[in-house]
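In structure tokens below, several structures.
In what follows, subunit A forms one complex with subunit B and a second complex with subunit C.
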Partner chain A sequence: MIVAERKPLAEILSNVRGAGKVLVVGCNTCVAVCMAGGEKEVAITATQLRLALRKEGLEPQITERSVERQCEREFVAELGEAIAAHDVVLSMACGVGVQTLVEEFPDAIVYPGLNTTFMGRPEERGVWSERCIGCGNCVLDKFGGICPITRCAKGLLNGPCGGSANGRCEVDPENTPCAWQLIYDRLARIGQLDRLMDLEPPKDWSTSRHGGPRKMVRKDMVL
Partner chain B sequence: MTQGVTKSGSRLERLLDAGTFTVTAELGPPKGTDLEVVRNKMGLLCGACDAINVTDNQTAIVRLSSVAVSALLCREGLEPVMQMTCRDRNRLAIQSDIFGAVTLGVRNLLCLTGDHQRFGNHPTAKNVFDLDSIQLIRMVRRLRDERVTEGGDGVEGEVPVFIGGAANPFGDPFEMRVIRLAKKVAAGADFIQTQCIFDMPRFKEWMRRVVGQGLHEKVHILAGVMPLKSAGAARYINNNVAGISVPDAIIKRMSGAGRGQKARDEGMRLCAETIQEVREIEGVHGVHIMAVEWEEAIRPIVEMVGLLPRPE
Partner chain C sequence: MGASDRMVVMGCAHSAGIARDEWAAEGCVLPDDIEWVSLPCGAGLDELHILRAFESGADRVMVLVCNDGACQSVTGNRWAEKRVEEARRLLEEVGIEGWRVAFKTISPTMVTDLLPSIEAFRSFAPAQDEASQEGTS
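Moving on to the complex of A and B:
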């Protein structure tokens, strides 16, 4: 899923202060699951904004809404009237959701309420970590299902750097395992250690963000 | 490793191929443009070693470029081993800088992945790591031997460089350490400089496996050593540098030596002993002395082990 975290209140305030009517819009998909921008977080953020602005002597009208998926036209269409009735929109979705509102409601002023962090998974309650950078050319088959591009701090494709110690990455040993230790252990477990001798050539980055903004067209789906 | 014909015209290559036990040292460029710093260090290293590594923004701290300092060494008649990392440049910039260095006289290149920027003085920088060290070695070998760029175009002119790589026998997983070396050799490395050896039993075990696979006949291995300035330095390295451990016995010996010059003398003696010990190990063809910001130590250490004067 897409993992995100709430922006600091002060930063949100700096954008919405001065608006008479603020619409806070959550998204009930990824960011609800990672407890950053679902209905509950929309309610908390709206309350925090009311209290903070009241302290400053302001009395804005703050409305709470949530949609099923803020990244799709069909799901945000229902927001039309509410958006028209407010001065600014605070989107509690990922960056895709924020931009969907901007594109679908070109006259609206939309601010982000979250920092979109990564594509990852919950490791345990309250802990999420990154698994995929969306490079557009999956290599998981070569590395026992563990992505070195995402999980090695240097994205190394030919084995660990000299900073792998006791299974941890030198860049952040407390929080991060060495991806290459994981790959080594995994390939040993599934009997594929011989793959480690393969000389991986430089990666073709043209399918990733480095080739420019990406677009996918499925001709079989286009109406 | 054919005798007589060199790939690069480098003195390091010629000496290693002739079976000379070689000595390389390291010169860290200044954090700016002060060439006096470089000249002082050049004076300390001149005649004390066969080639001088010029570091490339080591530990991700911005310094005078390794290309410029290597060119300066060439101009002064010294032989640089220019270090090149993948942290700050993509494949275009790396190839372009290598062409530039070759035209300025550089003949030895040490291909490194590079320290992560988190450890340096620009931790908020965007890194590159378009290539890793093994891909870099392969790219340089193809520039030199096949005269083609990574992208496949022909190279105008020659790229005569002696290709080096690093090896850390002390990193984990240990089993990967010989595999990494084998991959570097397969990619085209001519010589290897290892991480600093403090844990001698582990180094010997690594070398035993290297020799067991016959890799020592395909690549020249220079054992990395570092003189310790003090017990504090030993402890610092042990606690803060991932992938190097300094055994308690060494820390104790440094603590027992006292402070200041006494500690430094002991550090130099310890380093000399390490060099003598690695000379006896099959497959070790030289030493690489990393005296970080302590270039004064190099000549006395090389003298202590009877490796002065250096051959022409």
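Moving on to the complex of A and C:
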């Protein structure tokens, strides 16, 4: 899932202050699960905006809406009338959702309410951690299902480095395990330690962000 | 800022609610400017409830839940405390002092403590330089 966090209210206010009608739009998928931009967070943000602007002597109309997925045309289509009736849209979706609104409603003024942070998973209640950078050429098969690109601070494909101590990463020993310790333990557990005898060649990063903005076309799906 | 103009008390039905019912059975009533909101459990409290109370005109909110070990949802009281802390943070972002939300645990038998606790918070007014730090929790 995409993990995000709410922007500081002051930053949001700097964008929406002065608008007479503000539409706060949430997304009930990834950012609802990470409790950043779902229906409840939309309500919290809208309430905060009302309280903050009231203190400034302003009484804008602030409307709350949420859609199932803000990153898809079909789901945001229902927002058309509401967006047209408001001066400003505050999107509580990830960056994809914000840009979907911009592309589908080119006349709308859309501001982001979240900082999109990473693709990850919830480890426990209130804790999310990164698992994938979307490099475009998955190597999880070689490393026991643990991604060295995402989880090693140096992204080493032939690790560990000298900064691994007691199974922890030197970058943040308290919070970060050494990815290569995890890889070793995992490969040992599933009987594939011999995989570590293979030297991994330099990675072709052209499938990642280094090759520029990416686009995927499934010709069998295009009519 | 002096005493409260309008205060909301959010009380767990398993502790504060029972104390309040016993207190009411003795013929006592809450002052008109105090609104009681019954929570089925402290675990049901959400920071949004607190924000919405302020949006509706409350100038302070008191949350009363069960003592440790007495919560029927085991950790509902501590969850409520977390929600209060988050509500304070959200209110401070808006420019409303965090001390305006109080958190207190209470047992169903603490009938005689109920009103004094509410009144103490109702009249609480920190000194200007302490306003950002003071609270009653």
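Please note the rule applied: the second predicted complex is superposed on the first by the 223 of 223 C-alpha atoms of A that agree within 3 Å, B and C clash if a C-alpha of one lies under 4 Å from a C-alpha of the other, contacts with A are read in each partner's own complex, and residues count from 1 in each chain.
What we mean here is this: contacts are C-beta pairs under 8 Å (C-beta built on N, C-alpha and C of every residue); 3 or more make two chains touch, one makes a residue touch a chain.
Only a predicted model underlies this, so the values are computations on that prediction, with no experimental measurement involved.
A.B. asks: Based on the superposed arrangement, let me know which partner A:205 touches: subunit B (first), subunit C (second), both, or neither?
C.D. replies: first
A.B. asks: So, does A:9 touch the first partner subunit B, the second partner subunit C, both, or neither?
C.D. replies: Once the two structures are laid over each other on A, A:9 reaches subunit C alone.
A.B. asks: Tell me which partner A:44 touches in the superposition: subunit B (first), subunit C (second), both or neither.
C.D. replies: Only subunit C; A:44 stays clear of subunit B.
A.B. asks: Should A:84 be classified as contacting the first partner (subunit B), the second (subunit C), both, or neither?
C.D. replies: The answer is neither, since A:84 touches no partner chain.
A.B. asks: Looking at A:52 after the superposition, I want to know if it touches subunit B, subunit C, both of them or none. Which is it: first, second, both, neither?
C.D. replies: second
A.B. asks: Does subunit C touch more residues of subunit A than subunit B does, or is it the other way round?
C.D. replies: Between subunit B and subunit C, the winner on subunit A residue contacts is B.
A.B. asks: Let me test your reading of the model: by the given contact rule, A:190 touches which partner, first (subunit B), second (subunit C), both or neither?
C.D. replies: Neither partner.
A.B. asks: Determine where on subunit A the residues touched by subunit B overlap those touched by subunit C, and list them.
C.D. replies: In subunit A, no position sits in both the subunit B and subunit C interfaces.
A.B. asks: Flag every residue of subunit C that touches subunit A in the complex, lowest number first.
C.D. replies: Residue list for subunit C touching subunit A: 46-48, 51-52, 54-55, 90-91, 93-96.
A.B. asks: In their complex, what parts of subunit B are in touch with subunit A?
C.D. replies: For this pair, the touching residues of subunit B are 87, 91, 113-116, 118, 127, 129-135, 138-139, 150, 166, 168, 170-173, 175-176, 179-180, 182-183, 186-187, 195, 242-243.
A.B. asks: Which residues of subunit A touch subunit B in the complex?
C.D. replies: Contact set of subunit A toward subunit B: 153-168, 170-173, 178, 180-181, 184-185, 196-197, 199-202, 205.
A.B. asks: Can you name the residues of subunit A that touch subunit C in the complex?
C.D. replies: My answer: residues 8-10, 40, 43-44, 47-48, 50-52, 55.
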